[in-house]
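Common to both upcoming complexes is chain A, partnered first by chain B, then by chain C.
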Partner chain A sequence: MSQDLATTAEGIEQAVTAFVSKRVGADVPADQDLFESGLVSSLFAMELVVHLEQAFSVQILGDDLKRDNFRSVQAMTALVLRLNGAEQPADA
Partner chain B sequence: MPELPADAREFVDDLVGDRAAEWDLAGLIPDDVLRSLATRGLLCAEVPQASGGLGVSSAANGEFTAYVGSRCSSLRSVMTSQGMAAWTIQRLGNPQQHAEYLPKLAGGQLAAVAFSEPAAGSDLSAMTTTIEPDGDAVVVRGQKVWTTAAHYADMIVVVGRYGSGAAAVVVPASAPGVTVTRVPRPSGCRAAGHADVRLDDVRLPASAVLGGGQPLMLLVTTALAYGRLSVAWGCVGILRACLDAARHHARARQQFGRPLAQHQLVGRHLANLLTGEQIATRMCEHASRCWDSGSPDMVVASVLAKQVSAVQAAQGAAAAVQVLGSAAAHEGHAVERAYRDAKLMELIEGSTEICQLILSDHAVSMTAR
Partner chain C sequence: MAEQTSIVKCLVWDLDNTLWQGTLLEDGDVKLPDSVSELITELDSRGILQSVASKNDHDQAWKQLEALGVAEYFVLPRIGWGPKSDSVREIADELNFALDTIAFVDDQPAERAEVEFHLPEVRCYDAERLPEFAALPEFSPATVTVDSRRRRQMYQAGFLRKSAEAEFQGPSDDFLRSLELEMHIGRATEDELSRVEELTLRTSQMNATGVHYSISDLRTLLADPRHEVLVTMLTDRFGPHGAVGLQLLEKHAGVWNLKLLATSCRVVSFGAGSVILGWLADQAAHAGVHLVADFRRTERNRMMEIAYRLAGFTDEPCDCRAGLPAPAQEDIQRLHLLPAPCAPPPTMKLHTVSLQGA
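Now for the complex of A and B:
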């Protein structure tokens, strides 16, 4: 993952879309609700957490683990952007 | 990454010696044994150095966990609980909570994690324990059962319902309203301090709440991920102890004019034990590599490692009992303990059947490879 990709909203959204689509074996629109569509189990939700942390060098702790942050590719993109912008990992 | 202290295994050997059978029969590990391991940070060796821990890799801690497990599964089980408590705090806690709790866990205090309830075992989504905000405080109410290491614990990480989601809360065992009652004579890991924990209107500062509002099953999956891999490595230890006992006995014991090992039906048991130990080791090594590289596969790999290792340990221990015959057929013998302990490993941190359900879900949802 290049630094460019990891710092722009577009780059993050593309990378997250690619990961999710590959994992579920289908094209996933950025605004699709992953939980309502039944695409995401608890196991996959945790995979998403670990993937975002690794791919974008962020730490997702405490309150940031709430479901809304992982509801869609858009929500995850916003989370990564916010954590990347912060000096410290978000306080819970 | 930092290494474990070079004398860590020797330290365990000195502490455990030949006393594991005695602890099993008494159902207790002496407090000084647990404290001296905890004080050195060895019960949760993956806690980062920045938080006062040893900061070793999952692979290194896994091999160490197997080593402890080969000596005493009860002690290894306490280690699993301590590590899982630390991991849950690390994962769900904020930086202030890391600073508050992790140095204590790496520096001598003991911890347990409470999930199961009378009506919520395999179906943890049925748990009814509540963590309710009340001004600057929270009130915890509920009944937890079979909490490993709770008898020894200074702090108990309790998972419960919080608002529309879930949270974990760090409960001092000494807090008013907490009652810890040992499970009388458990069938396996008898000295691991299994206990039921009653929480009657336990009032704590809100700062004791880890996370809050996460979906319950995400929280449970997160906390259990560490526990599963730790149990899996513990099962590798059980298999190593059984293989060792079986091969020594099969070389030394003569029947029908030759060593047992030269009887083919006994030889098959030895081959199966070696195979089981190797399969379990490889699964655990893979899962630990996933943890150490931050791979999302760590979640599934940990379930797989737990599933495979617990089944192999139960089969391997049964084979070892068969090879040793009357030599191991008395309470407290390493192989007899392994037989009871391994079976318990098929029940906890997700029974074999629950792990199979998780893996079948994964098989259905994964893409073609």
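Now for the complex of A and C:
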């Protein structure tokens, strides 16, 4: 069941939305710019990196750590999906 | 470093017939020898923390320590009836110290044996040896700085902070604002050199290159007009955190090279590294120069890399790199930033020097 959570776009998006919304104490649309709206500080961005790595068993390295990848729930979902896809080819 | 006698970071005291003479619950009245009282203040001034593991009635024993005027010197006292090995382990865990940095002193061979059996890394001493303590190498740190003299107060402030955080509900930024953090970034002075050296020694966790600079290295650089040696201090409403950051910057015509960024692991959760990087980017933007930061991945500095990358540093090529001398070690990467003016952080007040001109 965690397989679904970690490999489908909807599963990832839901989980990331839940985490971010809970932490900022507000509903967060998937396309909202979190930095621009001031919802996410540099410190929280660091927490997001660590959280995504743990929740989805991915490693975010080098250039993938750029701010744009954490700018919105959508951006984070795309990042996790790409890193997961690279590690484990889609199964049946 | 491995060859030196490793310094004890916390000494755990037994009370009856060790710290004081007499058995509190039997004699009612106990005496604190002057020599012991002097040893307590001496170790405290050397930055060695002290705690208590005693089988006693908690309230009565603590009152006695207060009456003797030494209670304030002890952090995380464990006074009760459980095994002392548990007490010592809890103290080490709570301080986040390795067991081989803990010492335990007790007059009872059975108590020392119990601790030695369960925690072989802990150094155990017979209370008869107390008169030698001040001269033992393991209780004699090479450098005693302003911060080591205040270490106990900083830890005590840390425990207050931790319980405040545990009680606080809501976003971490709000919690940080409630701490009323103030960061000071200034040029290092001769006086501060010993504390910055200690910082590069003690905080391998958040050193961007893992390169250690000695006092004499830094003193040479202080005198060099091209280098900036910057020290970051942090305080909050609970008290001082002391010197928490060291930055070493070499200024060239079109580019500033950040050769070292070291921050204390105690302030990672305050985002201190990101705040320092944001300030440097802002200074560089106003000076019209690029920023190039030396970085070498170590097992422990991952959060530092994340801070650099989130601040916008990349591997992208830029002509400004060509003007820089080769890095101190060949496995050092150079991360590049085209700096833009950066608003001050929402979570703390900044008091800083200006790097322009000079």
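The criterion applied here is as follows: the second predicted complex is superposed on the first by the 86 of 92 C-alpha atoms of A that agree within 3 Å, B and C clash if a C-alpha of one lies under 4 Å from a C-alpha of the other, contacts with A are read in each partner's own complex, and residues count from 1 in each chain.
Note that a contact is a pair of C-beta atoms (placed from the backbone, for glycine too) under 8 Å apart; a residue touches a chain by one contact, two chains touch by 3 or more.
Everything numeric in this text was worked out from a predicted model, so none of it was measured.
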First, second, both or neither for A:D63, with chain B first and chain C second: both
Chain B or chain C, by number of chain A residues touched: B
Touching partner for A:Q54 - first (chain B), second (chain C), both, neither: first
Touched partner set for A:R23, first chain B, second chain C, both or neither: both
Overlap of the chain B and chain C footprints on chain A, listed as residue numbers: 23-25, 41-47, 49, 62-63, 65-67
Chain A residues touching chain B - in the complex, by the definition given at the top: 22-25, 41-51, 53-54, 61-63, 65-67, 88-89, 91-92
Touch list for chain A against partner chain C, complex: 23-25, 38, 41-47, 49, 62-63, 65-67, 70
Of chain C, residues touching chain A in the complex: 170-173, 176, 269-271, 274-275, 278, 303, 305-307, 309-312, 314-315, 345-347
Chain B residues within the chain A interface of the complex: 91-97, 165, 210-215, 217-222, 225, 293-300, 303, 358, 361-362, 365-368
